[in-house]
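Here is the structure we will look at, set down as structure tokens.
The chains carry the letters A, B, C, D and E, assigned in the order they are written, with residues numbered from 1 in each.
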Amino acid sequence: MGAQIGRFVARRLGALVVTLLAASLIIYGALHLSPGDPAALLAGGRNPSPETLAAIRAEYHLDDPFWARYWHWLSGVFQWDLGKSMSFGDQVSNLISARLTNTLFLVGYAALLIIFFGLATGIAGALAGKAVNTVITTTTSLLMAVPTFVAAIVLIWLFATKLNWLPVFGSGTGFGDRIEHLTLPALALTASYIAYVSRVIRSALSSELHGEHVETARSRGVRMPSIVRRHVLRNAAAPVLTVSGLTVAGLIAGTVVVEQAFGVSGIGSLLVLAAQKQDFVVVQDIALLMVAAFVVVNTVVDLVSAVLDRRLLRTGV
Amino acid sequence: MTAPLLRVSDLRVSIRRSTTDVRPIIRGVSFDIRAGEAVGLVGESGSGKSMTARSIIRLLPGNAETSGEITFDGDSVTGLTPAGLRRMRSHSIAMIFQDPRAHINPVRTVGDFLCEGLVLTRGVRRRDALRRARQLLTDVWIPDADRRLRQHPYELSGGLLQRVMIAAALAIEPRLILADEPTTALDVTTQEEVMAILDQQRRQRDLALLFITHDLDLAAAVCDRTAVMYAGRIVETAATGDLHARATHPYTRALLSARPTTGERRARLATVPGRPSAAWEVPGGCAFAPRCPLATERCRQDDPASRTVGDSVVACHHAQVGAPV
Amino acid sequence: MPETPLLAAEAVPAAGVPRRRGFGRLRSVAAVGPIGTVAAAVCLLLVAAAVLAPWIAPHDPNAVDASNVFAPPSAAHPLGTDDTGRDLLSRLIHGSRLSLLGPLLVTVIAATLGTILGVLSAWRRGWLDAVLSRVFDVLFAFPGVVLAILAAAIFGAGFLAPVIALSLAFLPVTARVMRSAALRERNLPYIEALHLQGVSGLAICVRHLVPNLMPLLLVQATVGFGYAMLDLAAISFLGLGPQPPDPSWGVMVANGKSAILGGHPEQSLYAAIVIVVAVVAVNLVGERLAVHYEIGESS
Amino acid sequence: VTTGCGGGGTSGSVTPADLVVSTPPAAGEIDKVSWALPMGEPATVDPVKAGDYSPNTVVSNLCEPLMRLTPDFSVEPGLAESVTRPDPTTLVFTIRPGVKFWNGNPLTAADVVHSLRRNLDPGNRPAHADVFKHVADIVQSGPMQVTVTFTRPDEQFLDSMAGSVSAVSEKSFVERAGDGYGTPSVGVMCTGPFRFGRWVPGERVVVTRNDEYWGTKAKAKEFDFVFFTDDSTLTTALVAGQIDGTYEAPIGSLDTLRGSPGGKLYFGPSTQSLSIGPATTTGPAADPRVREALDLAIDKTSLIGNVLHGAGAPLKTFTPPLSWAGDPAKPVFDAGYAALPDTSKPDLARAQALIREAAPAAEPLTLAIPSGDQTGLQTATIVQAAAKQIGLTLDIRQMQPTEFSELFYDPAKRQTVDLVIAQGYIEVPGVYYYSPGFVLPGGVFNWTGWRDAEVERLMTEGQQAADPQVAAEKFVAAQKVFAPARLQISLAQLHERLYMSNTITGAPASFAYIGSAWAAAVGKA
Amino acid sequence: MSVPLLDVRNLRKVYPGPRRGELVAVDDVSFAVQPRTCLAIVGESGSGKSTCARIIAGLERATAGTVAVDGDAWHTGRPGTRERRRRARIVQMVFQDPYQSLDRRQTVGGCLEESLRLHFDLTGDERSARVAALLDLVGLTADHARARPRLLSGGQRQRVAIARALASEPRLLILDEAVAALDVSIQAQILNLLADAREQTGVALLFISHDLGVVRQIADEVAVMHHGAIVEHGPAATVLDAPRDPYTRRLLDSVPRPGWRPTLRPA
């Protein structure tokens, strides 16, 4: 059993490394398809002399062969040396560090909201009566179709003009202030995911609830709360976890939108800004970071799922 | 004669598929089981065997509608409160399912499964429950009990798992066991082992048994009486013994003769034309009439009531004492 | 292990094999239920609007009219005008073209490539399967919006780059679903029977395997369409999608944003409502199809 | 005088009388002001590199220049107590005594020389290296005296000193900081009324009052410059009162801001302009007749109303009148400008005649605009419609930032487009700062290779003329020649758009903020 | 003795097992099937019966051993389309699960026609006639030809599967647990049908089953498999009436019959 777990972990970690390497190659390679010359951007559009251009090209290794540049970038990334931004005139690592707290706070806050409300409504939907279920299903169907940015606009409109309870712009400093500033962004971000997670949980729970092993427990006179705890929640944990891992991808993408809409200074808004400015260095680094976050989270989810449900250890990668 | 342990009278079950589509699947089933007695319930797929067993512990799908009366040990099962129902399920009647792999929670250990009933419904301390579980595994001839208790279901073979299921049923010291095709998924050799264990334990503990199977010979081997179901009705109930000689209902006889044996090769198997009909397809009259070689106009008009013919209770217009039809 | 005994099929006696012709099919669509019918009708309506836009839109969607800014609804402008006096209804109608074409392209590309690659992967197995599965894994690691932003950074904001990026991002989802379905399917005895008949692999795939996966693909594509629509709208909202003045709903929501606080939420509001309605309708159709074809909810 | 606010609804038109140079003075001190930077985070606050809205808006409050820009766009001494011109190719700056850097070190001539000389080193990527084109040397000529010598007389130079070009940073600090000078983690070390506080990347730069300031102290204890990249977010923050004020209020939100009860929108004079320039040496756009025809086809009044929501005025040539507003020879310039033909009204008949005469090739012309620029796009759409009326087909091509930037230094890239929309500003007074780039051979913006011997002579003489009257006359004479050539098709000058909440006041309403310590004047309303 | 129709020698199949181990599914199996006879392979679950069948049919690659038909050895890899088409005229197979062995989108007629079109050059009318004859052979009517599998019962589907297998007029029909999933009454019908088909077409049967009663009914010869190897092989009557191998005896003893009692036997 121990060896089995060891092999499973090794296999997953191997897959993680391969995936990340391939992804980094795609990210780095793709940006070389761009039609523009990065040196022009670096020169700031102000009639640079050939020497200036040459200096810039040397500074950013623009004339090295592709693999050398790729390796230079990748080895830098491993040492948290992400290169120098082309448009912000600062190290990308500084740019990112300065914004990471906000984004992590936002994602964490949103994740808590999603887990709490998703679980609550999902469980209620699976276990409660038909009326409650209908209400929850209808609400979630609607909510799932509300794009993050629409939710953001509605909240901004509501709180900027009608209710002045919460700030509609900025990220705040310190814990309390952040909570205050990031509540609306987190709500906008979570609306559709709460609905999504709620549905997944509901269907996972109800499929477990109708499972044969639950029937066995019922035939033995076990009380419903115990059944739900021991046989339904426990069994649904692995699939629900998997789906939750996948919503992380959505959350990452979602931060891009809400940070932009609420003027939160985070990784997402930095990415959009950098993309608009074609600051390739920043775009590359953030894209890799986001991909890595997604892959790592999902690997962790896989490992935890396998611990929860040992059968998964036997299936392939 | 003592009162039966379980009495089922005129049980009817239908499934409501929509507001207008209500399908009968059990159409008036009556039988009883005395304490310590084993009764076999035999029939082809879809004849309603499982539904009958489930009705007894009220484990029917949500859209099922039942009528009729079921009493266990003199108390009405149909009228039980939820708490009473749980008490009956946890103390008096245990069920063994056909597919242990699906019916045992895959993410929990075998030990968990065995102890669950005791710990959660009897308030037995987990340590004591584990000790009991260990003893039970030995009773069902599973060696190396300690290791097995820690294993997950996927690590056990089908035969072993079914024995675990039997052990779990015995754990609550019930008075009646409902075994729904416990061996259908198993090899003949494993089937024999499992049946031998079940039979042995049942006799040792003097438990009543409702044994569901497709196989008349298997039922005959472990049961005192056998009931044959067709399209949601019991068409014949007879004491076991030489079933081949005693069967009176044309359907029972057809079943017996359609089954090839290892002993001799027949030139041609006797067959029943058509296919088994579902309970809701029965137009009226005897359900077996469309396939029955003896069917007359009367059979197609009115459904024969059950009546005692010799040692058997038969629902056939043509059944006669001593004269196999 | 022998199979569990099978339930008696809801079989019809031989003589009564019912014939299903056109009318029967129609009724089976109606069997999708009233909500499904309404949702399907909404979808059709939107498609019709997109196709017929130049003929049914009352105005040129890009015609500015400085004297008629933020006009309230009137006979000439049923939904009023925007901040430069453009007719909102016409913009919504024309906007349906890019807003529907984008997700449609994403869905079609992802579904086609996903089916081909997924089925190929499942059919050939071996090293090809291993390689393709890895490729899917890698593509899967890119959240769609991130890939689209990447594409926009490379090729510039516009309609096509995000669409291609999203197609790539959605590809592994379809491919994986199709692969595992094809794996399940190819092990079914009917495929082996065809093998034994001497039918060529390609013919088995094209004539039997893929058609049998169609319902699943259809449901998958419908769900994907909804997501693609949301993602593309978000990209438009971020300013990386179709560039103004071409109308698209996402762009309209974004453009109307600044007027909301000035008391003119109409542009954003209408566009947002249309997006939500379209996605709800598509999702509902997908859900009903899944129920109809008895395909599990999670995929 | 303030602008008429309120109203809302349709775009109000702004008449010259509505423009204000300054806002009511502050009544008192205030603890904190949150001010928006609508063009986003500055790339740097190093004054030498500052060459854009965001950095200049901040830097001008931190780092004092030798010469100061006043709200009416004239120049007055700043850190230079006085300036003398011993001969036409020498300028002597006398440094103001008793000025201290924020760290307490005194300001010395060495600091000034060092700061000025940083503009000469391309390695520093100076934003305004061309200002020093004719500079021969910069030396310390006394304990508090700096002498700049020129290779030829350059009358524009002193005016060009007004702003961050001549801002003085502490020498030792800059040397220690090296490349990091002006970055978020290092900041700057100067003498201005505000000191660099902290810079939260992606979010804000906080500056605090310099209580040791030698001049009039600032009214606000703290000034937060908050970065915005999205117009509607900015509008929301302004309307919701989370941000106290902004320059360059988003054009698309002017109506909303006018109607906002929590603050006031001011319009002031500005040098910002919107124009279309030819990109190639050959092709239809290089033909002055085609450009003139296009100019005559465009209805500027409607463009100003529709696209700029009234926040602008017609402009006859690429040098806006505010450039000479503080010049002693202002009447000469004004007369010259008035004499230029009025292009604000379309003249289709003449435009069509010109096109017939020029008979350009039938292929469509490509008009490049930076992608994501709403105003540019709306403008382009209107230009496209106008061109169609005179039989010219225009294709609008939105270009990515890198591509668009390349146009400015790679002539080969320019061959792929015909016309470029540009929105620009002039940050210092003086007509010779900007125009030579367009009209002289080899000028940075002279993309058509246009040349005219007379103009060359007049411009060169004017640049070197010591007498402002003479300089003005030469320029006006040259302008008379080059303006009709439409080296730029000037579409409009943009008004400065200043929004302040009702809690604060005092900021200058003219574009001069770009080169002056404007924030010092902001205080409680 | 004549050349056997099917001659299997020293067949071996090894699957990669759990933990890098090996799983020997078929271990040195040899047997032969004479034309027009029926050989049954019996054994418990997992004993390698299906694997043998699938190797013979060409659905699985053998690790070692030969399969010869009419004396010429068949390559035991996965054959190409042309080779498969040639073999289809010789070997066909019927599977256990009647619910999954037909394409759910194809009508019964379409399914039979597809097979006929592949193997014979017939006109449309000839083909229709042949379809009708095949359906008749398995006891179905022309009405069924229009039906899709969804509307058929398990027994009917199995009949269609048999008809399809017989369409190419093979000389050997492999039936892998083809009656195991059917109700007793249906099972009897199918067994009778197979006997008839054998008589009418002269097809030889390789009948795989774990049901000794069924085997007795249909087979001429029986091979008993245990753990991948054949432990006993001989005429049906001999093997089933006088088993020599202990495993065969054990199998026979486990079969319920009148007067039988389940007993625990040490393995």
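Here is the rule we go by: a contact is a pair of C-beta atoms (placed from the backbone, for glycine too) under 8 Å apart; a residue touches a chain by one contact, two chains touch by 3 or more.
Just so we're clear, the structure is a prediction, and the values are computed from it rather than from any experiment.
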| item | value |
| --- | --- |
| Chain hops separating chain D from chain B, counting only touching neighbours | 2 |
| Chain at maximum distance from chain D, centres defined as averaged CA atoms | B |
| Inter-centroid spacing, chain D versus chain A (mean Cα positions, whole Å) | 41 |
| Rounded Å distance, chain A centre to chain B centre (Cα mean) | 53 |
| Where chain B and chain C are represented by their mean Cα positions, the distance between them in whole Å | 50 |
| Whole-Å gap between the CA centroids of chain B and chain E | 32 |
| Multi-partner residues of chain B (each touching 2 or more other chains) | 44-45, 99, 214, 275-276 |
| Multi-chain contact residues (two or more partners), chain D | 236, 239, 372, 400, 403 |
| Residue numbers of chain C (touch at least two other chains) | 1-2, 5-6, 8, 11, 156-157, 239, 254, 257, 260-261 |
| Residue ranges of chain D in contact with chain A within the complex | 40-41, 43-44, 49, 51, 122-123, 125, 127, 130, 182-185, 200-203, 226-230, 233-234, 236-237, 239-240, 242-243, 372, 400-406, 408-410, 444 |
| Chain A-facing residues of chain B, complex | 57, 59, 85-91, 94-95, 97, 99, 102-108, 116-117, 120-121, 152, 154, 168, 172 |
| Touch list for chain A against partner chain B, complex | 211-213, 215-223, 226, 230-231, 234-235, 238, 308-311, 314 |
| Residue ranges of chain C touching chain E (in the complex, touch as defined) | 1-3, 5-6, 8-9, 11-12, 14-15, 17-19, 188-190, 192-201, 208, 211-212 |
| Touching residues on chain C, where the partner in the complex is chain D | 62, 64, 66, 69-70, 83-84, 156-158, 239, 243-245, 254, 257-263 |
